[in-house]
Amino acid sequence: MRPTKCLFALATLLLLGTSVHAAEATSVKVGFLSTLSGPGAGLGIDIRDGFNLAVKQLNGKLGGLPAEVIVVDDQQKPEVAQQIAEKFLKKDKVDFMTGIVFSNIMLAVGQPVFDNKTFYISANAGPSQYAGEQCNPYFFNVAWQNDNLHEAVGKYVMDKGFKNVVLVAPNYPGGKDAMVGFKRFYKGKVSEEIYTKLGQLDYAAELAQIRSLKPDAVFFFLPGGMGINFVKQFVAAGLSSDTQLFAPGFSADEDVIKAVGRRCSACSTPRTGRTTWRTPRTGASLPTSRRNTDVCPHFTPSQGFDAALLIDGAVRDVKGRLDDKEALRKALEAKHFKSVRGDFKFNSNHYPVQNYYLRVIGRDAQGRVTNKTMGTVFTNHADAYVAQCKMK
Amino acid sequence: MSERRTTLLEVRDVSKHFGGIYALNEASLVLESGEVHALIGPNGAGKTTLIHVLSGALPADAGQVIFDGNDLARRAMHERVALGLARSYQITNLFSRLKVLDNVTMAVQSRVRDWGSSFSFWKPFSLDSAIVDEAHDLLAQVSLTGLAGRRASQLSHGEQRCLEVALVLATKPKLLLLDEPMAGMGPEESVRMVELIEHLARRVTMLLVEHDMDAVFRLADRISVLVGGRVIASGEPAVIRADHEVRRAYLGDAE
Amino acid sequence: MGLYASSPRRRVAAAITLLALLALPWLMQTLDQGFYVSFASRVLIFALAATSLNLVIGFGGMISFGHAAFFGAGAYTVAILAEGGVHSAALAWPLALAVAALLALLIGAISLRTRGVYFIMITLAFAQMVFYLIVSLKSWGGDDGLLLLRRSTFGSLDLKDDTTFYFVVLATLALVLLALDRLAHSRFGRVIQSIRENETRMEALGYPVFSYKLVCFVIGGALAGLAGALLVNQSGLASPNLLHWMQSGTLMVMIVIGGVGSVFGGVVGAVLLLLCEEFFVEISPHWQIGLGLVLLAVVLWAPLGIAGLFGWGRSRE
Amino acid sequence: MSALLEIEALETAYGSSQVLFGVSLSIAAGEVVTLLGRNGMGKTTTVRSICGLQTPRGGSIRFCGERIDGQSADRIGRAGIALVPEGRQIFPNLLVRENLLAFAANRHGVPDPWTLDRVYAFFPRLAERAGVLGGRLSGGEQQMLAIGRALMTNPKLLILDEASEGLAPLVREEIWRCLDTLRASGQTILVIDKYVERLIAVADRHTILERGQVVWQGTSAELDADHGIWHRYLGI
Amino acid sequence: MTQLILEQALNGLQFGLMLFLLAAGLTLVFGIMDMINLAHGSLYMVGAYLAAAVTQASGSFMVGIGTAMLATALLGALLEVSLLRRLYARDHLAQVLATFALILIANEVVRMIWGAQPMLLNAPDALSGPVSIGGFFYPAYRLLLIGVGVLVAGLLYLLVSHTRLGMWVRAGASNREMTEALGVNVRLLFTAVFAVGAALCALAGAMLGPLLAVQVGMGESILILAFVVIVIGGIGSIRGALVGSLLVGLVDTLGRAALPSLLREVLSPEVASSLGPALASILIYVLMAAILFWRPEGLFPARG
């Protein structure tokens, strides 16, 4: 090797070493941390599939750079999630993190991520803390604030004139947000707020309590398998004949419908998307690894899909200079993509402002069970915490 | 044996039953200090149960045990040892994985009145040389000096029985409860054990439970006979040998 | 005690290990693998927790299936104090130790009246009580656990720095191991090990066995509490899963793999287990099958664990 | 008379302590043989070795011509040896009836087998107590139950360890009478007990053990003739 | 109010009877072999997965349950002969660890075969609705569970108390040596007991599958409850297991249902609402600790 060439190589190396932030990154690393096992796994798997689908449609790239997505299961345990996050940040040195489903896990992981100045793009968890006082420049949410869907249900239940409601939610931040959100727009009588254990599967005691309270409507927020079990047992207990069941969108997602089948004709659910998103932009459909997606429209994957699109747009905007955090933040805030589920924009707290629709589970023309969009509940709705957010 | 003796242990009408069966049925017994008192009786007569009750391993259902002026009723096993009441076991009961010397040092170390309690967490035991010295003395007394470094489980049965005696002695008891010290021994070993007990008899009062009649008649100052949970006779060896009841109990004599 | 071989060779090995551990942060920084400094802290903390259980099970012969309760108690004490504005390690850590010790005193005083299987089950029951109590108390985080948003402060030391924290953990563990080694050869250590060997005989020799066992149980609990206090600082979260019975099981697995009743058994087991978890999980998500098989093999064929295989621990019969 | 049970040079040890040092003994079909000796001399160990509850270290045991030493206890039991153990060891958590019925068998096709009714007729006391838990019985009743339980297996060889130990005189006598009856019916029996005088009347031959070795063997007449033997080996 | 209490009592009964299915096998293995088998919960999980898989394949819930019970019994017997038998003579620590290892292995194997997400197992449509009993509706499927629980308890009672097999099991539990000396092959008997216990696990798993979720780790939480049950009832006693199960089922359900409102009567609402669930969830462990304290052998000790 000639000395000049050697010197040149060395100089390049030095240049690379000293001026990393000035150079373009060669790839985008995304740490995808989600609940992929256990009863809460359904949502996480959907989000992952949606995210991967987007990356696939972008030919394995995000913002034009090769994308490396590291997918790890948090087992729905905060301390497991924390360890994985630490590894993402300190070992893998990811550029973005996303994927978390449950708010308690989000809250456990958030601080170290933000401290490390890594952007977190939430595809599901939207705790009130991060919308309000603890809002953070490194946190973006493409789905909703936890309360939003519940607010929509609350408004609808109020509008329809239900007088006596029982609320059911698990005892964790998301559950408490749900109750608060519902009651923000529902001003009637709440005869009982029932908090269950997160991950609880047998609701016999709660259902007996509901029966004795004789409400005309029940609002429940039980993500994943918990919701499936609740609805099944609610119907089996014979409560569905007298009591209307309301749930936020994901509690009446395809999984639930499939598991519960026609028995859930009483479920009403607001959604953020107006139409089915089966054929977004490129016309491809969800990978069929987990289920046949042609059965009926499916919502949750769109959240993962949008998260990927947001990253794609922002990386493109900053032209791959991922170390310029300020520019990247601005690019993310600008949101240069069109969501497959109807458009939205970011509020000052990085949570979406969007429309909320009502859907009712019913049958489609072929007699298949599905959920149908019935109307708009909120237009350009923001969350209730944005005022408390003083984004630094 | 003409000197005046004081009562060391008094067992008054002690009963103990398991389910419907009485192992001890108002058994009474008096031991004087300085004597070797043998307790004999057929299997199942309640001898070992009595040892258990005396040592505190089992609570009595009724009756009273007075030792050295103390009522033992509510005293735990370890408190009785502190009062000077020590027992050996019928089935060898040692620290089998520990070395012979450590077996004995554990026993010596137990004497709070000499060494203070063992709640000492930092000072290495190796500095407690007085305890080790005493343990070597005891091993010499039971003729196990050469075996101090072996594990207890590696000793022969007879040697283990001797070690058992050393452990009991190490607590410096006033009264020694020996439960079948010769059980399972070969003839030579038995002879050795008899000699050992004879040697000890000069220093400590003993209640000896034993089936080997040769040994019992050679060692005992007095003998009590336990049958069906009750002491049916108590007295000097010659008296017991001639006792009609005792002969019946042992031989089924229908004389 | 005869049960332990305290050879010069072992001292040399310990010294070399200590030197290697002292050099670890520097090495990792050089290799740009800072993550592993934090990971090493975690491993050492679990080593401390396993060692504390080894004192109870390995030395005291008390098969406690509720050790996670003390581990978690320490973590929660620090987190709750932090919630109340107390961040001083000099205050919070000893308090964590004290709370765990008090809990151990309470649980031990009742549980140690039972024997064998019943002891295993009653310690488990108490740990479950603590678990469910914490899970149901919303003010202490309930299911979510309690976040520790900033690490404890320790005089002028900056514990926020992973390397500094690592050295604090290392020093703590080294001190505890030294103390444990002394304890093993002290009068008290001899007594509890002899109780493990033959409890009735110890009673018959006049030892108040219950008191000794209780003290041993409380020391073990207190050290677990200290480990919990360190862990919550390392991870920033006091999670109810720290109190879960599977956590007790994991600690047991560590000491059995490492070596029951050997001073370094807990350390060896924790290091092995966590390293396997860290590296095998990347090879196969189903690495736990391997762990299970190894554990089975250890139980069936090497009951004295790794320490036993290398003759570090108590020698075999 | 062919030997039903033949023991040769049996050696048995518990861990480091050897108990039997070459015991030899044979029992012919229809015979009643005793095993005598003071406590701790190896009688129970001999019996346990025969029944497979203790694995012998040396020597051989043949039953009906087949080696049974080293076989499992349940196979030996099914081969036709039934034990009435020292301390009865009836099942306290089973009813009297169940204690008997659980082990009823006639594996060797005995023409007039022991049945529940026959045991009840043999021990009327058990019939009265049929529905009571075994643990609630008195010592004597427990012994009857233990004998009845063994008989229900229709054994070729019945072994009684400490047949009358700890029983009241009247009960003891009842047990003896049972043995008389069983002997008359041709049952082969090996019995351990202390009441030499009574045993002389019940048994054909006697074996005395001393420190794990057979020191004397002979017929009832011979034992009766020499009371010195009693006192040497059995007395106090 | 009475209706609520009645319904909650039925819920408690249903829960208790399902616990009994698990506890029955566990208590026998524990009592007879003196063996702590943590892997009992894994058999429950495997049973549930098999039931779900076969039900999906065959379309018949009954076929699913039957196959699962048979296959799990076979698996249990295999496990006993190949591995657990070696552990009987070992100390409890070895047993706890070895069977803990089995849990890890079983969880991973199930995850490999069936994946990490819960499996779907639905009750037959005919049973998915409510039935009216005495003026109120109660889920038909839960009634079925109660029925099956009562039936199995009855059959087990007959088996244990009126068959020779049952007598041998009880005899073996109280005195293994004597049982063998009387000609019973206790080893084989233990294998059979283990297989029956495994089949009951599968039954419980399959029956609870539609109600709960068929997922990895489902055995662990219920395993602890089963242990609580048998320790309360007395290790080795089927009767104790039944009483213990019902006690735990009722105390747990009624405690959770009634304790918060009872506390509200005496305490301020905030204190009551945070203390209520906390106390309710530890109630059964308090029960167990109390029973162990006063009756260290449980309510119905098996050994005389």
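Going in written order, the chains are labelled A, B, C, D and E, and every chain counts its residues from 1.
Note that in this section a residue touches a chain if its C-beta (ideal position, glycine included) is under 8 Å from a C-beta of that chain, and two chains touch if they have at least 3 such contacts.
All values derive from a computational prediction rather than experimental measurement.
Student: What are the chains that chain C and chain D both touch?
Tutor: Common contact partners of chain C and chain D, which must touch each of the two, are B, E.
Student: Would you mind checking which chain's mean C-alpha position lies nearest the centre of all protein C-alpha atoms?
Tutor: It is chain E that sits nearest the middle.
Student: Could you pull out the chain whose C-alpha mean position is farthest off from that of chain B?
Tutor: Between chain B and every other chain, the largest centroid distance is to A.
Student: So using the touch definition from the top, which pair is joined by more C-beta contacts, B-D or C-E?
Tutor: Between the two chain pairs, C-E has more contacting C-beta pairs.
Student: Measuring centre to centre with CA averages, how many angstrom lie between chain B and chain E?
Tutor: Computed value for the inter-centroid distance: 49 Å.
Student: Round to the nearest whole Å and give the separation of the Cα centres of chain A and chain E.
Tutor: Roughly 37 Å, centre to centre.
Student: How big is the gap, in whole Å, between where the Cα atoms of chain B centre and where those of chain C centre?
Tutor: About 42 Å separates the centre of chain B from that of chain C.
Student: Multi-chain contacts in chain A: which residues touch at least two other chains?
Tutor: In chain A, residues 171, 197 touch at least two other chains, as defined above.
Student: Could you pull out the residues of chain E that touch at least 2 other chains?
Tutor: Each of 111, 277, 281, 304 in chain E touches at least two other chains.
Student: Got the chain B residues that touch at least 2 other chains?
Tutor: 19, 153
Student: Any two chains that touch count here, so list every such pair.
Tutor: A-C, A-E, B-C, B-D, C-E, D-E
Student: Of all residues in chain B, which touch chain C in the complex?
Tutor: Residues of chain B touching chain C: 55, 57, 76-78, 81-82, 86-87, 89, 93-99, 101-102, 105-107, 109-112, 118-126, 128, 151, 153, 167, 170-171.
Student: What part of chain E is in contact with chain A in the complex they form?
Tutor: Touching chain A from chain E are residues 1, 3-4, 7-8, 11, 14-15, 111, 116-118, 120, 122-123, 128-130, 132, 136-142, 210-213, 215-217, 253, 256-257, 277, 281.
Student: Residue numbers of chain C touching chain A in their complex, please.
Tutor: These residues of chain C touch chain A: 33-36, 38, 42, 135-136, 138, 142-145, 147, 149, 235-237, 239, 241-242.
Student: If you look only at chain E, which of its residues touch chain D in the complex?
Tutor: 164, 167-168, 170-171, 173-175, 177-186, 302-304
Student: With touch defined as at the start, can you tell me which chain C residues reach chain B in the complex?
Tutor: By the definition above, chain C touches chain B via 1-3, 179, 182-183, 185-191, 194, 197-198, 200-209, 212, 215, 317.
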